[in-house]
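For clarity, chains are labelled A, B, C and D in written order, and residue numbers in each chain start from 1.
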Amino acid sequence: MHFGFTDDELLLRDAVRALFERECPPDVVRAAWDAESLDRRVWDALAQMGVPGVLVAEASGGLGLDELSLVLLLEESGRAALPHPMVETAAVAAPLLGAGLGARLVATDLGGVLVPCAGDADLLLLRAPDGLRAFERAAVTVVPEPTVDRARRAGLVQCRPEDGTLVTGDEGAIDLAFDRGALGTAAQLVGLAQRMLELTVAYAKERRQFGVPIGSFQAVKHRLADALLQVEFARPAVHRAAWSVAHDVADRARDVSMAKAMASDAALHVAGAALQCHGAIGYTVEYDLHLWMKRAWALARAWGDGGWHRDRVGRAIGV
Amino acid sequence: MHFGFTDDELLLRDAVRALFERECPPDVVRAAWDAESLDRRVWDALAQMGVPGVLVAEASGGLGLDELSLVLLLEESGRAALPHPMVETAAVAAPLLGAGLGARLVATDLGGVLVPCAGDADLLLLRAPDGLRAFERAAVTVVPEPTVDRARRAGLVQCRPEDGTLVTGDEGAIDLAFDRGALGTAAQLVGLAQRMLELTVAYAKERRQFGVPIGSFQAVKHRLADALLQVEFARPAVHRAAWSVAHDVADRARDVSMAKAMASDAALHVAGAALQCHGAIGYTVEYDLHLWMKRAWALARAWGDGGWHRDRVGRAIGV
Amino acid sequence: MDLTWSDAEEAFRAEAREWLQANVPESPLPSGDTREGFALHLEWERRLFDARWAVVSWPEQYGGRDATLWEWLIFEEEYYRAGAPQRVTQNGIFLLAPTVFEFGTQEQKDRILPRMAAAEDLWCQGWSEPNAGSDLAAITSRADRVDGGWRLNGQKTWTTRGAFCNWLFGLFRSDAGSERHRGLTYLLVPLEADGVTVRGFGRLDGDEGFAEVFFEDVWVPDENVLGGVDDGWNVAMATTSSERGLTLRSPGRFVATTDRLLELYRSGGDPAPSPARLHGRGLRDRVVRAWIDAEAYRLFTLQAVTAAVEGRPPGAEASLNKLWWSEMDVRLHETALDLLGPDAEREGAWSKGWQFALSGPIYAGTNEIQRNIAAERILGLPRR
Amino acid sequence: MDLTWSDAEEAFRAEAREWLQANVPESPLPSGDTREGFALHLEWERRLFDARWAVVSWPEQYGGRDATLWEWLIFEEEYYRAGAPQRVTQNGIFLLAPTVFEFGTQEQKDRILPRMAAAEDLWCQGWSEPNAGSDLAAITSRADRVDGGWRLNGQKTWTTRGAFCNWLFGLFRSDAGSERHRGLTYLLVPLEADGVTVRGFGRLDGDEGFAEVFFEDVWVPDENVLGGVDDGWNVAMATTSSERGLTLRSPGRFVATTDRLLELYRSGGDPAPSPARLHGRGLRDRVVRAWIDAEAYRLFTLQAVTAAVEGRPPGAEASLNKLWWSEMDVRLHETALDLLGPDAEREGAWSKGWQFALSGPIYAGTNEIQRNIAAERILGLPRR
């Protein structure tokens, strides 16, 4: 029994965190809101590190790591509010498509009808009557759909199945791909929650009212302690689910759903606490908080929301 | 439109409150926990004021008032944690049995299988295959049942229908009797909640830790403000339901259920806040709080709990 | 207790409903917190005024109908039920007007109120400053005495729709040596005046709903002082829980939103019905709770209006009122989003409403402040 | 990460399970917080000790098995799964023993630990006083230096099972001029000593679970000082988040309770099945949440034990741990009571468990204090 990470896993995590700090500051997230096409500099840097291939075998040109590394890196992408479809590419597509993705971006409708970065992707993995099919960008029609987090760049996709290539018709493989997507999204939600909490703690230490930092008020302290509690208990659930997927244990679906439910709830909870503790400043688009908050609202309900996943847990535990 | 009470209604309420303050201090409640038989002094005093007959027509020797007076008086009985079956007698039985109850105590199983004061009652109103039947105490067998609030003096009742007299076989009349019971219990819950809140506020002003009254801590303030909020919004719901029953409006069942759901939730909420703000002292049987808290736990789930009544509201509003 | 409406009130309701049915724009106007939307809303406001529905509770001489508080409540119910546009004039009508009625001179009433009712003057509020939010008494914007008037310097912020208005009412420190609540004066400032700069900025939902207002040696005449010099705090606070009831948040809005929520639940979620979403997850219970919450708020309001009509002064329970509606509004919209599930992130009425609801626990005194007030002024807990 | 148990651990689990199956009393013992129940529990404790299951993580020389923290967790899981009796010796084993291990002299270890393990000495805690609850540093009970020992005067309260124990460990003010955390000494006091009066009193559930302990010129020898004189606060606090993990609240208890909750849900409520109670009211969602909460606590504990095994010192996250299990326990029982509906008021395992759960957010530092600690020590928010 060992519930923790190896030094190598943590070193890679630290390297990716450093990359995001350098290459993906809030301005990059903000730019994704209105850009004609998504700026790929961050993604290219990630690809150079091999991150999109984290789950691909070394023999096939990947990093040959497992879902434990994956969730650590995705948590970092959540912290950075990375606008690129890292879950879709690294967690969902790469294990199915194997080597050769390179720096290509993948979009998919496995997580819901609204497809993030549909217009920006090079390749789309879409449900078809006979399974999951891969389409080149040019083979599909994308209708952009306005959503609260414009950096998600969501769209609705229309395609003719015969224009794509069958990737897999195996329902088990598709379920696994879905679980990886939900797991990866859960990890991003933990990262988003962590960042919102840090931002709010920093603000509460600095902002003064009534002659003292607002963080010295017990109401603010207790609200942020609760937020911390949610994050600190959601994170191990995500880590355990990563292990369950990596080892394809019998309880995989249950564990992934527990992780997604907890991460969704934690992120929504922290977003609420963050906004309330910020007050009016958090309610503006000039301040950065909303970039994280809106991502949290979107991801909390993508790939199944808390209620959906608890329903799935319930079926697994026989209630 | 006028959402308030008449001076006469309030004067009667004040008189009954004064009676309870005089005749029903905590020691009387405490004594009911273990007494062989229920001390009737408070009840006799209430009977002398005509309170059990509040809903009985003046021509029949009652006070000739309606449910608006009833809920005001029952709220006071909740404040006092009166151990006598005032809801069962004044709200449920008296309108059905009319004059002549005098100072007799009635028990009923309309609110649940556990019958409060079953062993102490003079008369029992029990469900039977053909409707509601009245039994003399000697005609039934009562098995005392241990419950958390021993002042409820609950028991299970066994009877042979033929030993009782048919009071009514009309389902509509029985529904109305149930609604009066649920309404009356809701009023008691508001009174219980109010008293627990007052007790806790007084304690929080007096108890000092860290050199200041604990009521000066924001965590305590906010918790008690929330408790107040619950009580202050549950109360008008009870008052409105009283009006709806008095005027037998089409939405009567919906309004009673809304009131019982809110009052149940408010009382449970306030009980939780009261205990936590008291700390260890509230966790003892020597201090009075538990007398109110346990009554609240019991009544919150008697006559249908919050979930049961919200379900009923849902059916009424078409969801 | 009498929970029925009189024939006159029913007639009033029928008249309002009929007019609204005939006049409410068929498709919703664009947000009134954008420049284009604001202009369209002004047209609507003027139509309301022409039909004397803009300020029903005001005296006829200022454009109202001398309606009772009960009629005002009825009108609001009908207004929201009809899906009529957001009132972009509300900060003047609900926040400034009660103060003018109570503290204004006759000249001020005649000058200010009719133009406010007709949406000819558009008023925004200048209370908060960068360092005076929850701690409003920390105001530092100054009003210095000059011949025949005052010279203003400083900055206000979080001024709702400030970029679209032409007048601001605000608190300024008129006694340079004063501290906290003392030495403030309530002033009315034309935003076209020399030295005023208004910068609009984006709210959470992206609309330009806020503005910062900068004052640099702005001159305003004495006639623009509302109430006593140096007495601005009392003037501003006296009407925050106005017995005229005009600052009541009308239940009509929440009742109408809850009706939409019930529709959403019954339709199984929009746009893709999926009954599986709704079962076994507590959503039905939450929908019923939302209905109960809104109905309870309506009852609490009926109780408050009864007290007002009977001449009983309102007290700190305005804090309870604010806690209830603001947190109910968040829960109500959250339930809607959970019904929508993955569709919740789409832009639309529910997501817009959700973002707006989130401002409720923050503006007009954060709910932390409201809980302090409830605990200290109603329960009497020590201030420390 | 490796979430599997080794063969040795599985063997340990099998041994524990087998012994428990064969030895756990078939019908539950009466409450250990009554005089009669306590005596029956002592028999059980001694049977545990005889089979070396009383203190599995202790060294063999004191009656343990030198079990690892992992094995301790496994034992606890099996213990609760088997429905074994409440440990009436737990305050000694979980609260005093870690301190003895860390600060005790060899003589003290030899004298105290074996008799504690064997339930020959029964220990209660003497920390709180009437005016020192959340504000523990306000302790006023005095220990005055006398020849060869100390003379105690004062009062302790909320002493769990104090009326049934023969020893008390507690904090006393040994430096009469000291204030707050300074000048306290950690002392071990025989309750049979002259001048000690113990008065048991009723807990919420009616059991005599608490005691007040009065000290009137009670003499204790120097050998009963644990750790340094005047250093009692540090001695007491050093092990509140002991790296030995013995103060961990084991997840086994909550996992077992949750299993009973799932059973209750599946049976449709006890004793009168009524499926209508369960549908459309959010109860299923709450049951699943309860299961998730308990499972999350188990995972959080695995993470903490991994850190302890790797030698990383525990920190303020003990506060998070306490917030989670105590509030989860309340919600879990509340869900059970809501499943039971009107039957919830019956005395029984759930109602007893509910009342016990309510003490969780109060004892061992109220959750208000724990949230302060989490905010200040983990998040670094200012103390003020």
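The criterion applied here is as follows: a residue touches a chain if its C-beta (ideal position, glycine included) is under 8 Å from a C-beta of that chain, and two chains touch if they have at least 3 such contacts.
For clarity, every value in this text was computed on a predicted model and none was experimentally measured.
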item: Where chain A and chain B overlap in contact partners, by chain label; value: C, D
item: Winner on C-beta contact pairs when A-C is weighed against B-C; value: B-C
item: Per Cα centroids, the chain farthest from chain D; value: C
item: Centroid spacing, where centroids are CA-atom means, of chain A and chain C in whole angstrom; value: 38
item: Distance between the centres, which are taken as Cα means, of chain D and chain A, whole angstrom; value: 39
item: Length of the line joining the C-alpha centres of chain C and chain D, rounded to whole Å; value: 52
item: Where chain B touches two or more other chains at once, by residue number; value: 217-220, 222, 307, 310-311, 314
item: Residues of chain C whose C-beta touches two or more other chains; value: 280-285, 368, 371
item: Sites on chain D touched by chain C in the complex; value: 279-286
item: Interface residues, chain B side, partner chain A - complex; value: 217-219, 222
item: Residues of chain C defined as touching chain A within the complex; value: 128, 131, 133-135, 138, 157-158, 201-204, 206, 210, 272, 277, 280-283, 330, 337-338, 340-347, 351, 355, 358-359, 361-363, 366-368, 371
item: Contact set on chain A toward chain D in their complex; value: 1-5, 68, 197, 201, 204-205, 212-213, 215-216, 218, 220-222, 224-226, 228-229, 232-234, 236-237, 239-240, 242-244, 258, 261-262, 307, 310-311, 313-314, 317-319
item: Chain D contact footprint on chain B (complex, rising order); value: 111-114, 145-149, 152, 154, 208-210, 214, 217, 219-220, 272, 275-276, 279-280, 283-286, 290, 297-298, 301-302, 305, 307-308, 310-311, 314
